[in-house]
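Next, two complexes with chain A in common: one pairs it with chain B, the other with chain C.
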Partner chain A sequence: MTATAGLRRAPEIAVSAHRHIDLLTRIVILMVLALLLVFILLPLFWMLKSSFQTNFEVQAIPPVWLPENPSVEPYDLAGQLIPLWRYIANSLYVSTAAAVIAAALSAMAAYVLARFRFPGATLILALILLTQLIPSVTRIFPVYFLIQDMGLLNTFSGMIFAYVGFSIPFAVLLLRGYFQTSCPPELEEAAMMDGCTYFGAFWRVILPVSLPGIAAVTVFTFLNAWNDFLWASLLLSSGEMKTIQVGIGEFATESGVSNYQNAFMAACVISTLPALILFFFVQRWLVGGLTAGAVKT
Partner chain B sequence: MNEKNIFCYLMVAPALLVTALLGIYPMLASMVMSFQSYDLLAGQRDTIEWVGFENYRTILADDRFLQTISQTVIFTILAVGIVVSMGLFLAQVVNAKFRGRAVVRTLIFSPWFVPPVVASAIWMWLLQTERSPINAVLRDLGWTSGNIRFLTDPETWGPFSIPMMSVVAVRVWNGLPFVIIFLLAGLQSIPKSLYEAADMDGAGILQKFRHVTLPMLRPVLMVLLALLFMNGFGHFEMNYIMTQGGPRNLTNVLAVWSYQEGFAFFRFDNAAAASGIILAMTSVICAIYLRLQYKDDLR
Partner chain C sequence: MSTIRIDNVRKSFGGFEVVHGVSLDIADGEFVILVGPSGCGKSTLLRMIAGLESISSGNVVVDDLVINRLPPRERDIAMVFQSYALYPHMTVRRNMAFSLKLAGAPKGDIDRQVQAAAEILDLVSLLERKPAQLSGGQRQRVAMGRAIVRNPKLFLFDEPLSNLDAKLRVQMRSEIKELHQRLRTTTVYVTHDQVEAMTMADRIVVMNAGRIEQAGTPMDLYEKPASLFVAAFIGSPSMNLIHGRIEDSAFLSDAGARIPLAANAPVTSDPVVLGVRPESLHVGGVGPAFGECRLRVVEPMGSETLLAATLLSGGDGAHGGGENIMILSRVKERYAADTTVRVGADPGEFHFFDATSGRRLE
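Now for the complex of A and B:
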């Protein structure tokens, strides 16, 4: 695949870019890098260390930097603080369903938009692009009323429907680029020669070869839905249905958090885990799949 | 109609339908709404009147709203400027070859899987006035005598304030991994021969950055800046969760203002007008981008 080839070639470029760096420059670069790393890592460290401390230690002034007796008790407490696992299950369900549906619909649309000329194709692409350019907050009220009128307020279906709608434009753009760059047209030409219908060629030949790209887009839309707070706080506001982001967000904006700060930080750690696990498994071809698509778009 | 066209329309239809319902229709409806009177407390959704630019006049006459507009712009410029500068530096670090690169890479990308809400929650705790490790370090070093009130200090210096800087820092922190990945893809497409040629000419690291890296990254940078500015004007989560626009409106931005106007005060007409202003601002960015792109194409 061209994308991975690009990634492997990169280090050589870098070497030649930085071959002659004198000592002073080196020191300056290292100092800036160290400062930025502190900026990037301090919040993560602070979350982790707080989640292993007793509440007494967490609240101490001046702050205690390392837990004296690391304990997992805050993690037990986190589940009592908010229905953590229930919220995570809600989030997982909604995000997975939305990602799979959005990827399927986008793959279909992106494929024909990448491959065929048909009347209105440019207009359709322009419309899809247009919606991608608009910040989501500018459409919250009509979407809220639309979902309400459809009777889907406070249902998972309504939430999934909304996420599918919001992810499709970007997914179509990425996949269209992917089909153009990584999928030679000879493939389906050969299939059609063998008597496949248009849909048969797409289903049996194109889909299997383009799985890495489709998977990357699925992961991407999953993360978008998983990270979302705005829509979930509007469309799923009843207690049992909340997503993890809404649960955490509401807890953060409430007063009186300080009594459970350690447990709250433990809840934060737990709610980053699903995305972390996903990231760990897919990071290699995720970056490859996305950049492959991005080059042509 | 031939078989091919029918196939194409059938394949595009589901995606187009969903996009129309959740992307295009809401955008138009929101525009329409901003020209109507829509007071849910006073009346019903059926008794809607056309009021022309009345809603826009109302909100633009509000000093608090004008302050919110200028803050939205300042927030975005600061956050985008800082995140892109840091991103340019870190993308080159990630791209360079050195011992321990894998570790540094992982560390740099680590905020990527932290959702914005969780990021806000962690930073709120990190910036909690009495218990912030940053305050503790600054005091130990003797740089400050009291505690900095990161999220609550109402003092201002012109349009700037400490809570504003704190929220900007968090937005930068959360946006950084995406920017680095985006720029990394651009860096990797620069042909190595250009750097070799620059080496031959005896160019230093800064000269190579200015005369090779930046010009070659220009298309990528333009897309990135357009994206970041447009998202920045509509940014909601961090400002809403960390400060709800306070203290004294100092961290309020248009998206938060619009959300509160709608769902706290039920003035959907004013809220839609505020959305209209966000849309106008993003259109300006879009127009600038297209114009620059067009000029580049001519060259």
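Now for the complex of A and C:
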């Protein structure tokens, strides 16, 4: 006789009912997610497949979903119709400079706001938060005239200046949370006991430890600047200085989208590549950087 | 190695004073432990010595030099933190070499000193690992290695063993004590664990509410606690404290138990507290009678047995009592709960405290 003989067994109905509900819920969730995915990815798919089709195929009704004879000709054409690589270089320069400057400035500001208590600190934080609540479109005229008065209209410096200004509040809030939760104050205290100044502790210990958070801020600023159309079209009017997003816009009006839709889509694909490549390399850090400040570990 | 003089040091946060004029002299090579409950100001005092907290008033003097305004990096003091505070992006070697590198020491010297410190702390095989790849005990040893590699004037430890499990804590306790005996560097160590304080310190400083309650050797504090606070804080299990008064060479507890006293017991008509350590009480017929007790809970611990008991009557047999007391028996005997036993005690081992001020009565 085994030790369990004669013992009552708990009913298993409850468990199987749970399993049944779980499966049903899972199917519904999957269907909803699949629909969402289609909704998000369809335009991207349309852009990609059109960039390898002839213009006739792109405009055909009913739609031709896959290129019959995939060709890179639209890419050549895009480069001939607009100075594509020049625009991309402009975008890279402006976005990289804005991202690096914004990350450097916001890291220092966030560190001070995270670590030091001084009169006005709460007010500064409240003002930074306030900037996030004001619609960006309301800043168009003040910022435009400010940049104009500074003589920076139609210069890369003016553009970088604007992007840095727009990015810093969010970056400061993000990094402040990161410093508070992911960099214990004992680290810089240990560094100071070991012989560092405040700045030395920040530079040699806090910055390297905070690289994921700083990477997140840098990528966000870069992507914001890279994807921006509004400010780039307002502040840079010279043909040579256009960024890729504005350049593509010009493409549509100057050459007529109806005639060169495949080349237009090819230009769009090229314009997404740098951001995509960047995101691919830093996505692990990016996700870590965004979530690290959220919970206390 | 250095002497420290803490002279009437105060610390306020906003308008709230948390350290109220603490004065303390620490001799060259001494191992002093600041002990007290959370919020008593011990860590704040340590941080003021380190330079991580400003001093509101008073002076901290190291080797006749007032260091109040010196930044931490100029004090030549090393500190081991509760959370280890190892630099996570550096290997053990780079963690240990960091201070020497900042000081501009030649690479050969750095390598030699790191190797020597690693050998002392048995870290040689771990030098190329990052902190995340180490266990809690290993991290604590690296933190100590980072401190000793500089050969500083003074070591500060801020509850360094709190994050370790019980077994490792005992091991690290011996290692720290051994390290001090080897290096003889003046050390100030903060803990809230009185066992750590008793086992490691040359001198214990008991702090309470921002003030020093008593400073002395572990045995001084154990045998002659200056106040009720120290009496209750030092010793494990803690001292039994019974409120009452002294009358006709006997202690009369508030609940009515009458316990005979020695001839040299203090004479006062004010309310007093009688303190008797659990290990000063003996179950059975040994020594003068303390009273009759009913054993409520028996906790055998192998070499000794902890007994939670209720005093039924005082040593003179008169009825009274009701106070709950602890008895630590080192006699190898099996006790049973819910039995009544005679408890003996040497009145010479009794402690008396003024019930109002809490100060010791002689």
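By our rule, the second predicted complex is superposed on the first by the 251 of 297 C-alpha atoms of A that agree within 3 Å, B and C clash if a C-alpha of one lies under 4 Å from a C-alpha of the other, contacts with A are read in each partner's own complex, and residues count from 1 in each chain.
As a convention for this text, a contact is a pair of C-beta atoms (placed from the backbone, for glycine too) under 8 Å apart; a residue touches a chain by one contact, two chains touch by 3 or more.
Predicted, not measured: the structure shown is a model, and the values here were computed from it.
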Partner chain(s) touched by A:Phe220 [first = chain B, second = chain C, both, neither]: neither
Partner chain in contact with A:Leu41 - chain B first, chain C second, else both or neither: first
Partner chain(s) touched by A:Val209 [first = chain B, second = chain C, both, neither]: second
Larger contact residue set on chain A - chain B or chain C: B
Touching partner for A:Ile128 - first (chain B), second (chain C), both, neither: first
Partner chain(s) touched by A:Tyr178 [first = chain B, second = chain C, both, neither]: neither
Contacts of A:Met193 with chain B and chain C, given as first, second, both or neither: second
Chain C residues touching chain A - in the complex, by the definition given at the top: 50-52, 71-73, 77-79, 81-83, 85-89, 98-99, 102-103, 146, 150
Residues on chain A engaged by chain C in the complex (per definition of touch): 184, 186-187, 189-197, 200, 205, 208-209
Contacting residues of chain B [partner chain A, same complex]: 3-5, 7-9, 11-12, 14-16, 18-27, 29-30, 33, 45, 86, 89-90, 92-93, 95-97, 104, 107-108, 110-126, 130-133, 136, 139, 169, 173, 176, 181-182, 185, 187-192, 195-196, 199, 204-205, 208, 213, 230-231, 233-237, 241, 244, 254-255, 258-259, 262-263, 268, 271-272, 275-276, 278-279, 282, 286
List of chain A residues in touch with chain B within their complex: 6-7, 9-21, 25, 29, 32-33, 36-37, 39-44, 46-47, 50, 58-63, 65, 105-106, 108-109, 111-113, 116, 118-119, 121, 124, 127-128, 130-131, 133-143, 145-146, 161-162, 164-166, 168-169, 172, 198-199, 202, 226-227, 229-230, 234, 245, 248-249, 251-253, 261, 264-265, 268, 271-272, 275-276, 278-279, 287, 290-291, 294-295
